[in-house]
Amino acid sequence: MNEPLILDENRFFDSDPAIRRIARDLYQGVKDLPIVSPHGHVDPKLFSQNRPFPDPAELILIPDHYIFRMLYSQGIKLESLGIPTIDGTPVATDHRRIWQIFAENYYLFAGTPTGVWLNHELSVIFGIGEKLNGDSAMRIYDMLSEKLLSPEFLPRALFERMNIEVLTTTDGAADTLAEHQAMRDSGWKGRVLPAFRPDAVTNLANPGWQKAIEELGAICGFEIDSYARFITALEQRRAFFKQMGALSTDQGVESPWTQELSPVEAEKIFQLARKGQVGKPEADRFTAHMIMEMARMSIEDGLVMQLHPGALRNHNQAIYHRFGPDKGCDIPIQTEYTRNLQPLLNKYGNDPRLSLVVFTLDETSYARELAPLAGHYPAMKLGPSWWFHDSIEGMTRFRQQVTETAGFYNTTGFVDDTRAFPSIPARHDLARRIDANFLAGLVARHIIDLSDARRVSRALAYELVKQTYKL
Amino acid sequence: MNEPLILDENRFFDSDPAIRRIARDLYQGVKDLPIVSPHGHVDPKLFSQNRPFPDPAELILIPDHYIFRMLYSQGIKLESLGIPTIDGTPVATDHRRIWQIFAENYYLFAGTPTGVWLNHELSVIFGIGEKLNGDSAMRIYDMLSEKLLSPEFLPRALFERMNIEVLTTTDGAADTLAEHQAMRDSGWKGRVLPAFRPDAVTNLANPGWQKAIEELGAICGFEIDSYARFITALEQRRAFFKQMGALSTDQGVESPWTQELSPVEAEKIFQLARKGQVGKPEADRFTAHMIMEMARMSIEDGLVMQLHPGALRNHNQAIYHRFGPDKGCDIPIQTEYTRNLQPLLNKYGNDPRLSLVVFTLDETSYARELAPLAGHYPAMKLGPSWWFHDSIEGMTRFRQQVTETAGFYNTTGFVDDTRAFPSIPARHDLARRIDANFLAGLVARHIIDLSDARRVSRALAYELVKQTYKL
Amino acid sequence: MNEPLILDENRFFDSDPAIRRIARDLYQGVKDLPIVSPHGHVDPKLFSQNRPFPDPAELILIPDHYIFRMLYSQGIKLESLGIPTIDGTPVATDHRRIWQIFAENYYLFAGTPTGVWLNHELSVIFGIGEKLNGDSAMRIYDMLSEKLLSPEFLPRALFERMNIEVLTTTDGAADTLAEHQAMRDSGWKGRVLPAFRPDAVTNLANPGWQKAIEELGAICGFEIDSYARFITALEQRRAFFKQMGALSTDQGVESPWTQELSPVEAEKIFQLARKGQVGKPEADRFTAHMIMEMARMSIEDGLVMQLHPGALRNHNQAIYHRFGPDKGCDIPIQTEYTRNLQPLLNKYGNDPRLSLVVFTLDETSYARELAPLAGHYPAMKLGPSWWFHDSIEGMTRFRQQVTETAGFYNTTGFVDDTRAFPSIPARHDLARRIDANFLAGLVARHIIDLSDARRVSRALAYELVKQTYKL
């Protein structure tokens, strides 16, 4: 017999009884609120097609770089885990074997949010009652496989069962949003919205930039042969996205540096890029300028503006060349906000029409830069702890380092940012528990009283995110 | 009926009973010690004139950028809060209406030190028994207004009731210290001391530098037309400040970079400044040099030297141009100490005559740079968590990150650094509670014993600050 | 009668009973495991000669810059503590008097790891029952002196009593390892291993570089007049060290910057160094290259590679010139890993033959850079909290900031890195307690269960360090 998998009802709460009692009370008040997921990377095809998930490895492991990077770090080849290659290298195809490897190494996830989320998925979504390990691997594989064939485990059924009020995808500037259209046409009531992410065309250093610009021109119906047309194309696509229900845009940038170019400079750099002659400094200046431009457009069309800086993408070139991007080798770098955002915030930060949500991978900026900025500029809100910091300790540090300067109401509430659809309830449940626990700590120390805590608790779990994202 | 405002006697202590019991015990031993406030920005006119505070908005909100920046961050215009403009833009003058806006948005301060201090002020200083919100706003306004007219709420009476042993103001190099003289002449026993802050004349990039130099020359009685005379003027003013009771100097600088210039270089840059031709690099080099010079002078005249680096002032230019400086838009920047202070510490850091108190807005420097420096150089002491970090979590992080390397005795004890006079007891009470709680955590984990904790507790609350500032 | 010195059996555990109970349980399971010390600075002469320690001051204070830097920071001259000078300045020789000064100022260590370790040493190793202070100083001095003369307090006897399985020293590239040979020849069973640290010859900016290269040539038996011969010499010495039992190498560098030079460039810089004409930029490039080379060699010969970056050595030049290096004036600097290690990790980080252990003095890199890197690259492991951060709060921050991204199994377990031999058991006991307490916190919050915690606890206390260092 294997060890039981039990989710304690007090999990993640402080063990001090005074705090735990209050945390539980606050959590009870928010745990059943609908899930609002205003930014993430779930594939809209899941819901337009509504086909069964193929098998446990395909559902849980193969698309989730949070999982396979940890296995890789311990010397397990990605090929042996069935991660698809782009260079033709063959990979393992026996998904039972892949699952077995995963299960045997599942102990590596002890103390990580991935471990916590997976336990939640297995237990709550799939009703698994034993811990995953080498011994239980095949039993659990079989149980999961069977469930995945039943109608209750189709994507739309899961979406509804998960009590998701809104789910946002992330879509390129040239995306037709055909999957979103298909969802609408199907008459399905689930609210899945696109979001506009133009990185492929705004980042001139992107090796596929010329192809991306061609695609953008194709969908716009005119050749993008000038900076002015480029801007027109973006504005046109934003309008289309908005019409398709989009509420927000997003930019993933190495640095949050902002600086406006003159039209002449912008045109000059744009033409260099067209000729494939743009260097890193020019590309960086163009990105700095395009962050400014996106703010201007947001003020004009009302889309919420998100900024995700600070990841050095594809750090491990060998993995990148064999497997492509998003394979667990993006590594954070130090990120400066005070000086970098000054041009943007000076031009647009006092404008109430702008809603700018800033994220960070550099926790040193929380108390030093981001909380003071969000605690002053009306246009700026601070997104929650992100990616590596979307975790129990990470969320706790976020609140500890942000709240005293920015308060609660200059933060946005939780954003899951996941591509792992079945982990969404686990992530929101975790966030609600941690926020409840943080507030309970304030109440137990008489920093705020219980009635204030209840008000804030509801704001963090549900209201702030709807307000920030204009839902 | 409104919600009651209650200050729990165990507030801010850990809820774990083992820690709370010890924290309370330690706090009892220090809570009634006199307040020593060796650095701050209270206006000396309060005490030379001893006039009643005009009204609650004028007392609490309008002078305190900690408060109105938070309201501004949520879209409330500073004009609507009666913050005076320098560009002639009219502002709200109905202070009851201003107070009402403040009260309706008071929930924004949940979990912030400002909220905690205000509750203390309202409850302890003014005897208010209900929470401030939109409903109670006018009742509380009326109660406060009435109290402000009574003799016990005159500045000097409050000063005495607050049990303040010493209060230090911050005064420019050209200040006549007339208010301090008037206090002396009045025979009042309250000890309010000036401190010498020459930023307006040492920072050549200050737009008002030429005017400031003229004023300095005027008060010195000679034209400051050379670097040598500039130094003479500073030395002369320091001597005057010292004679008027000053114990310390202060410099607010963007970077703590120190580097000595040759007399020829110093003269050259000084003459450029006189012609209005100094650039940012020269101004920075001059500041770096003037930090060295201030250390030299401190060794000669015995004044304690304070250094406050790391704020990028007036980040929001629109606010700066309309409202002037100190309006909640100074934003911290990353600050390096190890290399920047090396020239200063190599020249003067081994000299027992120097007492250099260093502050930071960059918490990453606590454990990495400042604790190792203060834990080695005899001349250097570490000031407490400052400004944005003068808070429950901020003070806790300070002790957690500094103590293991620098111990307690290389820190200075609490410095409130406030311009909000009625918040002083709240701030000191909070600091004493947090230090008691931190020590209690050490005792509860058997890291130190109770008798050591008592000794340290008294040092942190009272003795160290007197020792550091040579009181 | 003096105050008793009591080590509580629950020391360093959280005072919350739920956590403390589990922490104690986990600690019981690991407290008697043998000590594995894979990196440190204990003098091998202690064990080859096995002579009695001369006296308490000589044993505890004089060699330990953790101790005397704190005394120095409070204005106590190093000369008065008997710290030997290199410039001929006379120093105090009365060790009873030195011990008295130390004892009178022992209160400075309240809340520091040094205080905690010393109490452990006095109580557990020497059976002292009263607290050290001015009153007890001479009594304790006499008791210690007496014990040091008895056979049980000879170095080898202590080594055995301490239950040390392996102790590693740190040895220069030109070291004959004669002391290690003498130990082997003596037939003593204690396992004391050398480690290869070539900083003196790889750092071209070292003022003694030419002498160091000559010594290296002398021991290799050929003149090192070219870069190629330099590499041959290093490879030869590594082979010798390995034959003498070495398992690892170490490099102490200011920055972890890595970059490969072409053979021509390497030769050119090497020849500049031979002529004494190398500048800081060339020396830095050479160091960056030598880190790459050391990784290549490690892949070839299997030695574990350690990297210790981020200390600005000898910050206080006055102390350095009078007393030499390692006198408590090395100060950490900000350290970047993501970009700096990219060349190394791209070339060698996917190679399972490499075991690279990275340390840091910059805690901001834990969650932002090092955990993501160690949580991805198979060759890289993260060393424990180091030097200033080898402390209760430091270790706790390490686990809190590293675990959620890198898990436990990409860390190495505890490394004491000490030159204070009698503090070794105190340091390992502390580390085991803190890890037990951290795990207990996870169990109490139901993040992991007790059986997982037991497994991890044993790994952290014993197994991981053996695995990482190939023991």
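Brief remarks follow.
Chains: A, B and C, in written order; residue numbering restarts at 1 for each.
In this section, a contact is a pair of C-beta atoms (placed from the backbone, for glycine too) under 8 Å apart; a residue touches a chain by one contact, two chains touch by 3 or more.
All of these numbers come straight from a predicted model, not from anything done at the bench.
Judged by the touch criterion defined above, the protein chains are all mutually in contact, each touching every other. For the pair chain A and chain B, the fraction of shared interface numbers is less than half, so the two copies use mostly different residues to meet. Between the Cα centres of chain A and chain B there is a gap of 40 Å.
The set of chain C residues that touch two or more partner chains comprises 16, 364.
Taken in their complex, chain B has these residues touching chain C: 16, 18-19, 336, 338-339, 342, 345-346, 349-350, 352, 364, 367-369, 371-378, 380, 400-401, 403-410, 441-442, 444-449, 451-452, 455-456. Those residues of chain B whose C-beta lies close enough to touch chain A in the complex are 3, 6-8, 10-16, 69-70, 72-75, 107-113, 115-116, 312, 315-319, 328-334, 361-364, 388-389, 391-394.
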